Amino acid sequence: MKEMLKQDPRKYKGYRSSGIRLNEPFMPELSKLIDGRNNNMLPPIHKFDQAHTVMQVEQGMLTREAGAAILKSLLGSEKEGVIESRVRVGGGLHSGEQYVIRDIGEEIGGQIHLGRSSGDLSSVGINVMQRNKLVAGMKAINRARRFLLEFAAQHLQTVMPGYTFGQQGQPLTFGYQMVAWAASLERDFERFAQTYRRINVSPAGSAIMVGSDFPIDRDRTAELLGFDAVHENCADSILNRSMDDILELPMVLSIIYHTMAKWADDIILWSTSEFQFIDVPDRYCGSSSIMMQKKNISGPAEIKGASSYALSSIVVAYHGLKGPTAWAVSERGYALEATWRISDMLVVHLDLLCQLLKDSRINVDKLLTSTGSYWAAATDLGGYLVRERGLAWRTAHQIVGIMIRLAEERGLSQKDVTAELLDEAAVAYHGTPVGLTQEEMVSALDPVMFVERRTMKGGTAAAEVQRQINVFKGRITEDEKLLRDIEDRLADADQKLSKAVSAIVNGG
Amino acid sequence: MKEMLKQDPRKYKGYRSSGIRLNEPFMPELSKLIDGRNNNMLPPIHKFDQAHTVMQVEQGMLTREAGAAILKSLLGSEKEGVIESRVRVGGGLHSGEQYVIRDIGEEIGGQIHLGRSSGDLSSVGINVMQRNKLVAGMKAINRARRFLLEFAAQHLQTVMPGYTFGQQGQPLTFGYQMVAWAASLERDFERFAQTYRRINVSPAGSAIMVGSDFPIDRDRTAELLGFDAVHENCADSILNRSMDDILELPMVLSIIYHTMAKWADDIILWSTSEFQFIDVPDRYCGSSSIMMQKKNISGPAEIKGASSYALSSIVVAYHGLKGPTAWAVSERGYALEATWRISDMLVVHLDLLCQLLKDSRINVDKLLTSTGSYWAAATDLGGYLVRERGLAWRTAHQIVGIMIRLAEERGLSQKDVTAELLDEAAVAYHGTPVGLTQEEMVSALDPVMFVERRTMKGGTAAAEVQRQINVFKGRITEDEKLLRDIEDRLADADQKLSKAVSAIVNGG
Amino acid sequence: MKEMLKQDPRKYKGYRSSGIRLNEPFMPELSKLIDGRNNNMLPPIHKFDQAHTVMQVEQGMLTREAGAAILKSLLGSEKEGVIESRVRVGGGLHSGEQYVIRDIGEEIGGQIHLGRSSGDLSSVGINVMQRNKLVAGMKAINRARRFLLEFAAQHLQTVMPGYTFGQQGQPLTFGYQMVAWAASLERDFERFAQTYRRINVSPAGSAIMVGSDFPIDRDRTAELLGFDAVHENCADSILNRSMDDILELPMVLSIIYHTMAKWADDIILWSTSEFQFIDVPDRYCGSSSIMMQKKNISGPAEIKGASSYALSSIVVAYHGLKGPTAWAVSERGYALEATWRISDMLVVHLDLLCQLLKDSRINVDKLLTSTGSYWAAATDLGGYLVRERGLAWRTAHQIVGIMIRLAEERGLSQKDVTAELLDEAAVAYHGTPVGLTQEEMVSALDPVMFVERRTMKGGTAAAEVQRQINVFKGRITEDEKLLRDIEDRLADADQKLSKAVSAIVNGG
Amino acid sequence: MKEMLKQDPRKYKGYRSSGIRLNEPFMPELSKLIDGRNNNMLPPIHKFDQAHTVMQVEQGMLTREAGAAILKSLLGSEKEGVIESRVRVGGGLHSGEQYVIRDIGEEIGGQIHLGRSSGDLSSVGINVMQRNKLVAGMKAINRARRFLLEFAAQHLQTVMPGYTFGQQGQPLTFGYQMVAWAASLERDFERFAQTYRRINVSPAGSAIMVGSDFPIDRDRTAELLGFDAVHENCADSILNRSMDDILELPMVLSIIYHTMAKWADDIILWSTSEFQFIDVPDRYCGSSSIMMQKKNISGPAEIKGASSYALSSIVVAYHGLKGPTAWAVSERGYALEATWRISDMLVVHLDLLCQLLKDSRINVDKLLTSTGSYWAAATDLGGYLVRERGLAWRTAHQIVGIMIRLAEERGLSQKDVTAELLDEAAVAYHGTPVGLTQEEMVSALDPVMFVERRTMKGGTAAAEVQRQINVFKGRITEDEKLLRDIEDRLADADQKLSKAVSAIVNGG
């Protein structure tokens, strides 16, 4: 009867039993809210359980025999499935211990957690999950960068209007715009990679804030788990890092989502009846139950919806974690749920966006006609007056501005305009005509020539854009290497862990 | 009469005059909302005006004589004051041109803007402003890191409780906690420095989205303005970068503010009558008009208020910039205003926080007493049972847990507890006593010994914390060098610009 | 062969089939993102399907026979389950039509949607869902108000400190504080009820923006669905209202969650070892896998996490819906998902909070001791000097302030202070002692008497707080009636709908 | 020398002097951050100072003579200016006391604050400021509602496309759309008015949380300050209400700003070269320094920028106020600053938006042409087939959908389509032609007839829209009355206060 507080190991469901520190079981209503919150982290925690056991044996904290028994039990759980077997015994951060104690009893199984706490368990789980999300994101970003540059190369001469304030600004090419999109993703890759470096540092062995008085070898556990380093200070590792680490991921995700939502809005705008710049294939579109003519661009709208969710994940993390140091702990779960959901969406949405572009028909003729209809190349008429008539830029600018106003007032469109009107404007401005021929004027306003004249670094001429593509492709190759190195390093760690486990299990 | 549209140069207030492109002057109600928005960027724009002129002369876009006249006029404005003279002529992005045309006429002055647009003007202004904010922030962060480590060294043996969930967790030292704080700032420095690299790329010469057909040398202008590189694609430079660049700064600012707000909350909590861990000097405090006893901790509360403003600056930027590419332009002004305000606050608040800590009295005795009163070191009693009695960790943990519950149920505090109670718990758990002496138990629960036992990497023992301090100081030294290099490079660019200007003005 | 485009009715999955308006089936990746989004709205849509059919028959848009067949089919689906049967045929807004066409063919089943669109289908679904969330919220609020007032009545004399800035301010009672909490919920009820009125207006019959040219009777459908009114303008109903209606609910939810999170923080603070004002029962608490002494207050932490989610739901709605009128449609799904999740949590969390308070032990002695230890009643010593010595309030205030500073400087606590010290302060201030007896001073500083002296309206004296309780209880009774009226009205509508359906089905 | 702590009244700058409760003056760096924060609330606080004095005299807390002296002094300050005189003596909440003590000495002047605290001072200031913002907002909303309805009446027959998903949906009229806009503002008015009722409750006399033991008459002070009621519980008044009151205003402001930003986006979209639905007058527009053709729609962009600021003000308030009850106090200042700035903008922006619409040219012909070009009226061709050919709606819908797809595949636009094509579609769908004449088809697709056919409640027919206008105008009249009642009540209170002050000053 005196043994009653020690549970039957076969039914062991964790240290927080009624009758130990606390006198009541946890409230079912609360369990329902909280349970399962950490179960998506079980695979990395399964590895941490192994790595910690290996390290314990190597450091003499655990006999080889006990270590072997624990490791065999953990490996055994893999048959049923890492997640399945752990959820069956209650799930959560401590499901490894729960499984092992059920399997081989508390005398040996109860040694697995020595020198560890929920603090480093959850932090290892979080950091590994986050690095996985970052790696998946970096891969998707690189796929998208490659696609955009290849797509760009097909449209080096597809002239289209560039806009500011929703108004036509200057001619550029569709390919040039795609290069700009790829350039933006390059910075996203960089942000992801830098965040990866900050996150891939090991909290293992930091326990709950001060490490342990047992001879934990944090470097060894870090090595077995693929971390690049360990934190110098355990309180930093557990109490601080879980804070700024958790804030940073939603932020880098939000920046890329903001950009993707912008592209989605471009595609929706370009698909209106009024613009007709692009035809999105029917499979990305819905129709209407009442308006039979409707073809609604659904894919990009999803991305825009998700982008609002990305911003909101920053708010959840920032607001939820407010308070004195480590005051907010459970609140982290809300932040992570929101962040991880959006990181998973990112990969789907980025691939979808590229596929949609690839599948769409770019209305080359309509783009060109539109670019030539609303004075988009006016800048170069000003430039021509500077070059050929020696006018100061501002003088030329004002004269062309007056001419466009006069055309508008008289209901003339770009194609109706004459060299006389330009002279009228010049005279109105400073008393002297500029004396261009009609041919000179038309050629100065031609959007195709506008685009080809910009051969400077960063310009729109086809050859220059090809140069840009080459530069950006070179950088993707570097970033792909960086990513391969990361993956190799993680695979290496996995192998090291397997070997170390085998060595112990097999009597090494 | 025909010359009426050309303004008297002495009254020139900019290209958007009534009668040129548009027929009406800008609405006063709108001017009032918008005017002055860009005036804080006038100093960097003043330099861009010079650098662009120098580059024009060097590229043969402008005669040396015209260049010299423009540069003399710009230098002349400095007597009155860069901001003052420009605001007098109307202010804003184009105030350099306005000033020069007023000064030397449109024929020459009107040439300054050739190959440029409001796009690169504002982007140069924004990027320089943002790099300045980042540099000021990095300096403040380094000052704070140094201070915290020096402060830490004074408190290597000041034992205090560490908390999670607002409950006492384990003993640590005040110095150890300060090292953790400094470690967190190290990551902020890194984020700031990485953002700096992404932001310090030159938009000059990208004009509004596609550069120019004049032979602009973007590398030269970048060099004269201290940028580290130029963008490969001008649309990226103007249409994209002004988007993700503007999103990133509020995010890195928000992360550090979140951390500072956490420290502020710690200080406020530690200052309550119930905790009494720290005495903040009166000069940081207010009192009450009705409750004479009140000493309200005002300084930290300001930091917490500003932290809500930091988060809100992300929201302003993210929401304001939503929409198709370059659809939102004016909205950027709202984002920048919010961001720059919070970056200026950062420097003040971070210095204030350090000063406040430095000036406060740490209640060393109270901290120690508190750490010994609520079982903070219980972990090590469990550890002792593992080491000395060969119990599995989980068994030891459960036994000590039961003992603490029994003590609580019987109204015993930590100091009242006896080895018999521990045995009672052990028996209740698994039928066998553990048989510690009272001395063993007291020593296992001693918070000072707890702290000193943690000699592992990342632990709390004084010597180990001193080691951590040394590591972190080494990294500050590296980061200070990084920062000096940045500042040297910027000073260099300034000198190059001055020399190039002189060469032209003095007939080089 | 020519009939191939008309689907076999038994396989009908909706109007957006490949070969009708669009040539390709919807992309599986997108379906996966979108599918099921509207399925939680199926029960109200099931009723709308019936009400619309009834109205069609009554208006002569549909023959009685056809109407009866459609209604029988719809009623038939209830055997399988409204949601189950509809999900089986493809789910979504149009699942009623899908079910009926499968069941009785397109000739009759294809008539159900006449004069309707996805616009009013989804808007009816949304508005009914939201009114249900609001009703559930209002009920939970009223339960909580009643509980808090009853709980308050048990603590009319439980003196405790009130705080501002985290510092003890003035004595009050636990009961008084609970009345304040209940008062706050009264405003939440009011906000919910007012939002209910704005939301419970019928979009049925507004179709997608302009209603129909068939003789739709919108008032009749509204009556059958329990709406209080119909919108005067259909574009307002569909294009606008889905916008501001969707913004308002997350806002009223956020206000109450902010308040609940504040109470949660109070409870966590009160549960620290340093405060010890309240003992939360073990079933609301977790412990630690390493720190055996830990009792972590989990329940309130969940509420705080959810509160960050509440704020984020505003952000999702506000950001997701940005853009030109009805530009964002799918984005609404993200907003609703976030909002409805938090509304469901509200009911659980509010009940949990009340239950936790009810189950907790209020440490009456500790509360009183604490209130008497840090000068919380100092205000009344000042008041006493005003009343008995004729000092100006400011003079009295400064003198008591000086006394407290002197006590602090000399290491004296409240219980050590003497009338001489007060005189010393008075002399220091203006040269004259105040001459109180020790008894007068002690009595002026007594927190129990402090509380009882406040008999004014809104004060803390037990009798006055009882009066407040009575007032607030009276208002709950009114609000319960308001809620019953709402529920009666909804039940009435349900009955009317059943009768009208029966009349048609049974041949009226 | 002993009197040194009592300041020379002529230099009195407030109770928080060095040497009273605290030993050091407030830090200048902090003063700089905080000073002036409350100075915009000085006018309502000036009235509260008077009302509190009047009430003190009436309640016998203050002799009539002393009251008269204080009131004379306060009235005297008005010559210099309420704000100016108060800022001169140090500013802030207690500047009335500071002014009076300087003027007439501490013996009398020091009595003004009896029974009051910074808590009710700031709460009265905040509530009055907020009710003023709400009243100004309600007036602006009513002006806008009237304008939109009058504007609508001019465009009852201006047919234009309505959109969803950015795609043309169905025809409606410009006037109908304006009625929908006005309808939306009606709900904003209601929200403002309801928030007003919750905010216009008096905190005066609640002191810092528990009122006073002096015989304060809270109802009297409330009456003199124009409040509609007093709170039943003083802790609710000060500790809670300052929380939910502060959260509610930014929320109702954000909802209306979201709507206004949507209209701004509509106007910008309608102003593109591709849409050309509306010509915004030049005075609301900017041009470009490089692209002479540009006419940028600046006014609406400002509103969109401000809308991001509105959302951010919710975030500042919600985040800043997080924490235990009354833990956050200074943070409120950040929330109020953000909120009040956006409330002031609201009035400017709403008037600007109406003025811009009024001044713009609606391109009636372009709107009609566009509506007839992309099948916007297709719905009614389906309806015609239902009515005239007895098809089920779904059958008709699918047939018309097929026809539009066939037209698109064959490069036919709406005007090219023939009755034969419709028959081809019908045959393809179910093997039978529908046999319409060309005339029937053209008439079914006519947008003008589409609009006129919708005579149902809420429809687009001119007469029905005129009915809607009449209904909404009637409601504005009611709301204007509600607003006048509010203003009358406030004016009444002002008069009562003046009379009560005179009665005392003039010896009653």
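By letter and in written order, the chains are A, B, C and D; residue numbering begins at 1 in each of them.
As a working rule, a contact is a pair of C-beta atoms (placed from the backbone, for glycine too) under 8 Å apart; a residue touches a chain by one contact, two chains touch by 3 or more.
Keep in mind the model is a prediction, meaning the values are calculated, not measured.
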item	value
Interface residue identity across copies chain C, chain D - same or different by half	same
Result of counting contacting C-beta pairs for A-C and A-D, higher pair	A-C
Geometric centre distance via CA averages, chain D-chain C, whole Å	23
Whole-Å gap between the CA centroids of chain A and chain D	36
Centroid distance [mean C-alpha coordinates] between chain C and chain A, Å	33
Multi-chain contact sites of chain A, meaning residues that touch two or more partners	15, 20-23, 113, 119, 164-166, 169-170, 208, 265, 268-269, 287-296, 301, 307, 311, 315, 318-319, 322-323, 327, 329, 397-398, 401, 404
Contacting residues of chain A [partner chain D, same complex]	164-170, 268-269, 271-275, 287-297, 301, 315, 318-319, 322-323, 370, 373-376, 378-379, 382, 397-398, 400-401, 404
Partner chain D, residues of chain C touching it in the complex	2-3, 5-6, 15, 17, 19-23, 97, 101, 106-114, 119, 162-166, 169-172, 176-177, 179-181, 183-184, 187-188, 190-191, 194, 198, 205-206, 208-216, 218-219, 230-237, 239-241, 243-244, 247-248, 251, 254-255, 258-259, 261-263, 265-266, 268-269, 307, 311, 314-315, 318-319, 321-327, 329, 380, 383, 386, 392-395, 397-398, 401-402, 404-405, 427-431, 450-451, 453-454, 456-460, 465, 468, 471-472
Chain D residues touching chain B - in the complex, by the definition given at the top	15-16, 18, 20-27, 29-30, 33-34, 93-94, 113, 116-119, 121, 207-208, 265, 268, 281-296, 298-299, 301-302, 304-309, 311-313, 315-317, 319-320, 323, 327-331, 333-335, 338, 348, 352
